[in-house]
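Every chain is named by a letter (A, B, C, D and E) in the order it is written, and numbering of its residues begins at 1.
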């Protein structure tokens, strides 16, 4: 499995990884539970150990559309690192979710005290954001929509 | 053993301001005319038939440009009753030679031709059909080419994309084996910027192409116009040759304006 | 016995007339240069008298002019507006027809019939190479173009070595001339001197020898041999153009993002003339046509060009939208990727693309410019890369 | 890779085939099964394509999405006149088929390795015969992962069959736009790589989909240590003749109808980096 | 039920003609008080935008006035500008011009005879319907039409708006061998044309006449086509003869340069076409006029065919004034044109140069030719550089408008006197009456809406 190297923690040098995980507290969230809501205070974040989470957007009058799903090793939540520390999206557990939960204010404080640690954490979070931004842009292209798609598409 | 007779597609032919030459091209398909009439129901074609059936029509061929207020209403009606609308000829696709009025004061034009211009109602511009309603396919030419017209019709019947390339006349000239009149004789020729389709007739007769199929899909006037000048055209000549049967085609229009601004 | 051991001889104008007659007598359609519409074009020869005796050409980028010559030479001209592909790989052919029967079955009928037996008289060494290159493209792969193969296998090639290259010729750069390489049935070298107007003839095939044997001829004398050799060697020194002395394949690969492509795109009309006159350009498109009943369909194939905007059409649009990319495709294919695809250069240095480009774009000049751009880039100290 | 075979007829001539079945696959997408009316074409291998001719309309390249003896399966999406005509065919109709053309996926060369099959949209079609071939040879290969990206749940191809590939294969599906009932993953297909079971250093990958998806997937795999020479991608350019004679499908040094559509990432990457090549 | 009421009608459209117009009838009781052919084809302003163009351009530009008779426009323009520049084109170049013009006559007349007019005589709506009962006749017509087009295509490059005609001659002239295939096609066409005369001669023609001056070009020794002197045969009533008279009357002529003094255009509110009158009187140009004035110069086989077809012997002073029989005259003219084309091809030798130089000079030039539908006159004024400063074009249909209206009036009037026609009957009748004149309505018309305005008479 590739999880350990390529999850969020894989993006941190070992020393900083250990330091961060020291803040972790293992939690279990029951299937379908709302983890956070759009606009709520981003005071925590999670690294998923097993199960998954769906990020969604509140649209009045219809069920919140899911814009992305996260799975094992993924960082759940990055709004805690940037002011105003409010969630951009909502999140819901898909199936039973086990995760390491972090207290955002404590991590931020540690980052403030130790710039090297802070830089590493910020960099790892930024890498996650960059990946998601890239993925989002790719999806914006609606590549699978007509026209296009593999050798089977060419047409006169 | 034949399947049950399928409904024949219904064809309509319409005319706006034009010379009739493009719809005549249909009647010039002497070898195919009667066969065509077996495959399609010619439901409306005033030049050829006094029996006019009401719409809807599967395929409407529209000749001519829009030059009156009634034309505007009529083309909207035609669009509404036509499943596919194909414009035929430079008048319908680019406003035709009568779009030369677009550069002038129409009142002056009227006064030049008519003693009592007030008797004549006309718009200030001559515009292509596509300026008024969505068009499914534009067949170029002043006049259109007979083979291309048949291709458009048979392609429509077969559900095929018509093989009507938009590249330059040079392609056809070379395929025909004609010696390039510009390179070998220094004759000004619009071939490199003109839409293919005629079969490169003019160079085959030793004259330069005069652009009656309008601009091709990939033109480069800044590089091309100096060539016309090299071969003896002055500004006015360049403007005139661009301002003829496809004068209102955007590429020709822009190039001629740029010449005048020099 | 007027043919020596190497299968060579000397013929005069009567011999040339006889050559046309003998080839025609063997059931061949003899194609050669004639003067028509202010140019030396390739057309069927009624007799040797149709040859362009006393005509030469003046060539420049974008300009072709016929010029009368006083010496009466028949082959003192370089490549004209067409090439032999007009006959071997015709502009328009029907590939097959198909009929749909009442029960919906489909019957496909291949184009059959005996291909024409051509004799090409006056194949320039560059064109001889061009024919070999098209042979490789159209018959040398896993699938062969059967129509081409049929026409090609039956064609008899009479090469004529170049003695009077044009200002746009660069066969020396491409290693294709002015002496004839392999592949001819007969090769002629025109000699005009105090010894008279005559042609050194060499046979390159059994049929060539057999045709030569039917001609009025004299043995190949040393003086004629020497004169022929000198004229061809002299031609090599009078090439009007040259390519930069570098590996063109590498040059093309390393300059795909060069600024020069924008420069040439500003001049290029994307009219496609260069590809149509090129003796190796082979690209085609097909069109499907139906009759009015809709039950008879045909597949036609016609010349196409990478300058056509639609050439690289995909469902979403064209891959090569910009003129820059279309000119680059043509030039890099010709000089570079042709090696990858078919094991040789696609350019034979005939100069047709230079002459028949209405605005006179010169592929040798472009190659030189690309070469210079690469050199100056290499000379520049490494700086920050521009953002991707 | 392709196996040489005797060419019994000109590859330019369509060979009549009858539509045996036609199944609507997704909106605008149908799968047709063809069998030869008289003589059959030489055998196809996964990844190769045929030129399929709709009478009087024209022909287009279609990868085989299934191979069963002489029977060929194609999955066609309506994007133009020919594909619309083919997509709308009913059982009993006759089409012309030319082929086989092009390179295959080269699955046998991946013996002993973990397999990573990554498909985007209609790109699953040419990969299906590959997956079937891998499943049909248990023990021949390492772990089999099938990662599928789709626009919406309705656009998923071969839904019952792909579900049946598990548990012999790890099948991960993600969509761009879920509907209310979708309970699976949402996001780009590369996000599924985290959950695939493969050894990046030695695995063989097979990728087909829109070009940006191919680029993103291959880049991610290389980033994870995959050998670019073992990432096989299927590229799209317009094939016309399919016999290497018409020039339309050039991509730099490649004639994709002959040298492709399947090429390794080593070959493809530098070509895809040049705009409008 | 009586139709003699006060009513206004809009009836369909006149079809099988070229152009847009409407017909207005005002009827009071059983009296037609007004018959108007209102041409409302939108104006295209050719005369205006020709100003400022180069003198080399009118042949190509004016060809676009009419897709049915482009050669007529090209050659009238050439003649007028050559006249202005003092150049005379003769010899083989003139012969080639006549040849391409023959092509246009064959094509245009055959189009009218078979596709537009013949259906009237068989109660058919169109040629497709006609082909169901008269397939061989229709196919023969198409073949004949094709032969005409073949001439134009060979000499002009294409049938509609050919490209090869230029000032002074042609851009390129054919070799003798290039004309050879045409010869074979025309030999067959000559048989077809003769059969066509016989076919149309057998149609059922209502008794009718026309009381107009007849205007056509004339030449001393041949049937005028691409050149000639305007010649007038006065209307029968001037000699006390009925409109149906078949007697020729003495003619008078005037120079092409005086055309504008005699044929004067005026504008009427109901039409976008200018209305032209000859010396203040209604006149008719076209086949009937040509046949009356030049009939004796038809080729022997055309003359014989005309006599066999019941048109009388023009050498004996017979003319035809029945507009319905114009179809027979057209068929005879087609036969003549085919015969003439064969004669021209037989005598053809390629001229030394495809064209004569026509250097520009200041002045005014006139040119008139016989378009299939009648005399077509062009007048241009050039400045010294060859820029057109004024252009006047008088197409045949504009000249014929009064005559057509008079025929309509007469036709309807006779119908009203002899019965109680319905509006539908009147429409059909009017359409036929208009089609008799093969109006080139593109030069002037297309839809013809019939408005019958019946003002109550007795009741």
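Throughout what follows, a contact is a pair of C-beta atoms (placed from the backbone, for glycine too) under 8 Å apart; a residue touches a chain by one contact, two chains touch by 3 or more.
Which protein is which chain? UniProt says A = Cyclic nucleotide-binding domain-containing protein; B, D = Oxidoreductase; C = 4Fe-4S ferredoxin; E = Ni/Fe hydrogenase subunit alpha.
Please read all numbers here as calculations on a predicted model, not as lab measurements.
Engineer: What chains, if any, are shared contacts of chain C and chain E?
Structural biologist: Output, common partners of chain C and chain E: B.
Engineer: Tell me which chains count as touching both chain A and chain C.
Structural biologist: D
Engineer: Leaving out chain B but moving nothing else, do the remaining chains stay as one piece, and if not, how do they split?
Structural biologist: Leaving out chain B yields the groups A, C, D | E.
Engineer: Taking each chain's centre as the mean of its CA atoms, which one is most distant from chain A?
Structural biologist: E
Engineer: Any idea which two chains share the most contacting C-beta pairs?
Structural biologist: The largest set of C-beta contacts joins the chains B-E.
Engineer: If I average the C-alpha coordinates per chain and also across every protein chain shown, which chain's average lies closest to the global one?
Structural biologist: Answer for the innermost chain: B.
Engineer: Chain A to chain E: how many Å between their CA centres?
Structural biologist: Centres of chain A and chain E (C-alpha means) sit 84 Å apart.
Engineer: Whole-Å distance, chain C centre to chain D centre, using C-alpha means?
Structural biologist: The computed centroid separation for chain C versus chain D comes out at 39 Å.
Engineer: Round to the nearest whole Å and give the separation of the Cα centres of chain B and chain D.
Structural biologist: Centres of chain B and chain D (C-alpha means) sit 43 Å apart.
Engineer: Distance-wise, how many Å sit between the C-alpha centres of chain B and chain C, to the nearest whole number?
Structural biologist: It comes to 36 Å between the two C-alpha centres.
Engineer: Which chain D residues sit where two or more other chains touch them?
Structural biologist: In chain D, 56-58, 79-82, 236-238 touch at least two other chains.
Engineer: So which stretches of chain C touch two or more other chains?
Structural biologist: Residues 288, 290, 294, 297, 313-315 of chain C touch two or more partner chains.
Engineer: Identify all positions of chain A at which a residue touches two or more other chains, and write them in rising order.
Structural biologist: Residue numbers touching two or more other chains: 146-148, 153-156.
Engineer: Which part of chain D faces chain A closely enough to touch in the complex?
Structural biologist: It is residues 28, 49, 58, 60-63, 65, 74-83, 102, 120-123, 125-126, 149-151, 155, 174, 176, 178, 180, 182-188, 190-191, 193-198, 200, 208-210, 212-213, 216, 224, 234-239, 260-261 of chain D that touch chain A.
Engineer: Touching residues of chain B toward chain D in the complex: what are they?
Structural biologist: Contacts found on chain B: 158-161.
Engineer: Using the touch rule from the top, collect the residues of chain B that touch chain E in their complex.
Structural biologist: 15-25, 27-28, 30-31, 33-34, 37, 42, 45-52, 67-68, 71, 96-98, 100-101, 104, 106, 108-110, 112-116, 119-120, 122, 126, 142-143, 145-146, 198, 201-202, 204-207, 210, 212, 236-237, 240, 244-245
Engineer: Using the touch rule from the top, collect the residues of chain C that touch chain D in their complex.
Structural biologist: So the residues of chain C touching chain D come out as 95-96, 98, 100, 104-108, 110, 137-138, 141-143, 145-146, 256-257, 282-286, 288, 290, 294, 297, 304, 306, 311-315, 319-322, 324-325, 329, 332-333, 336-337, 339-341.
Engineer: For chain D, which residues count as touching chain B in their complex?
Structural biologist: Listed in rising order, the residues are 56-58, 80-82, 84-85.
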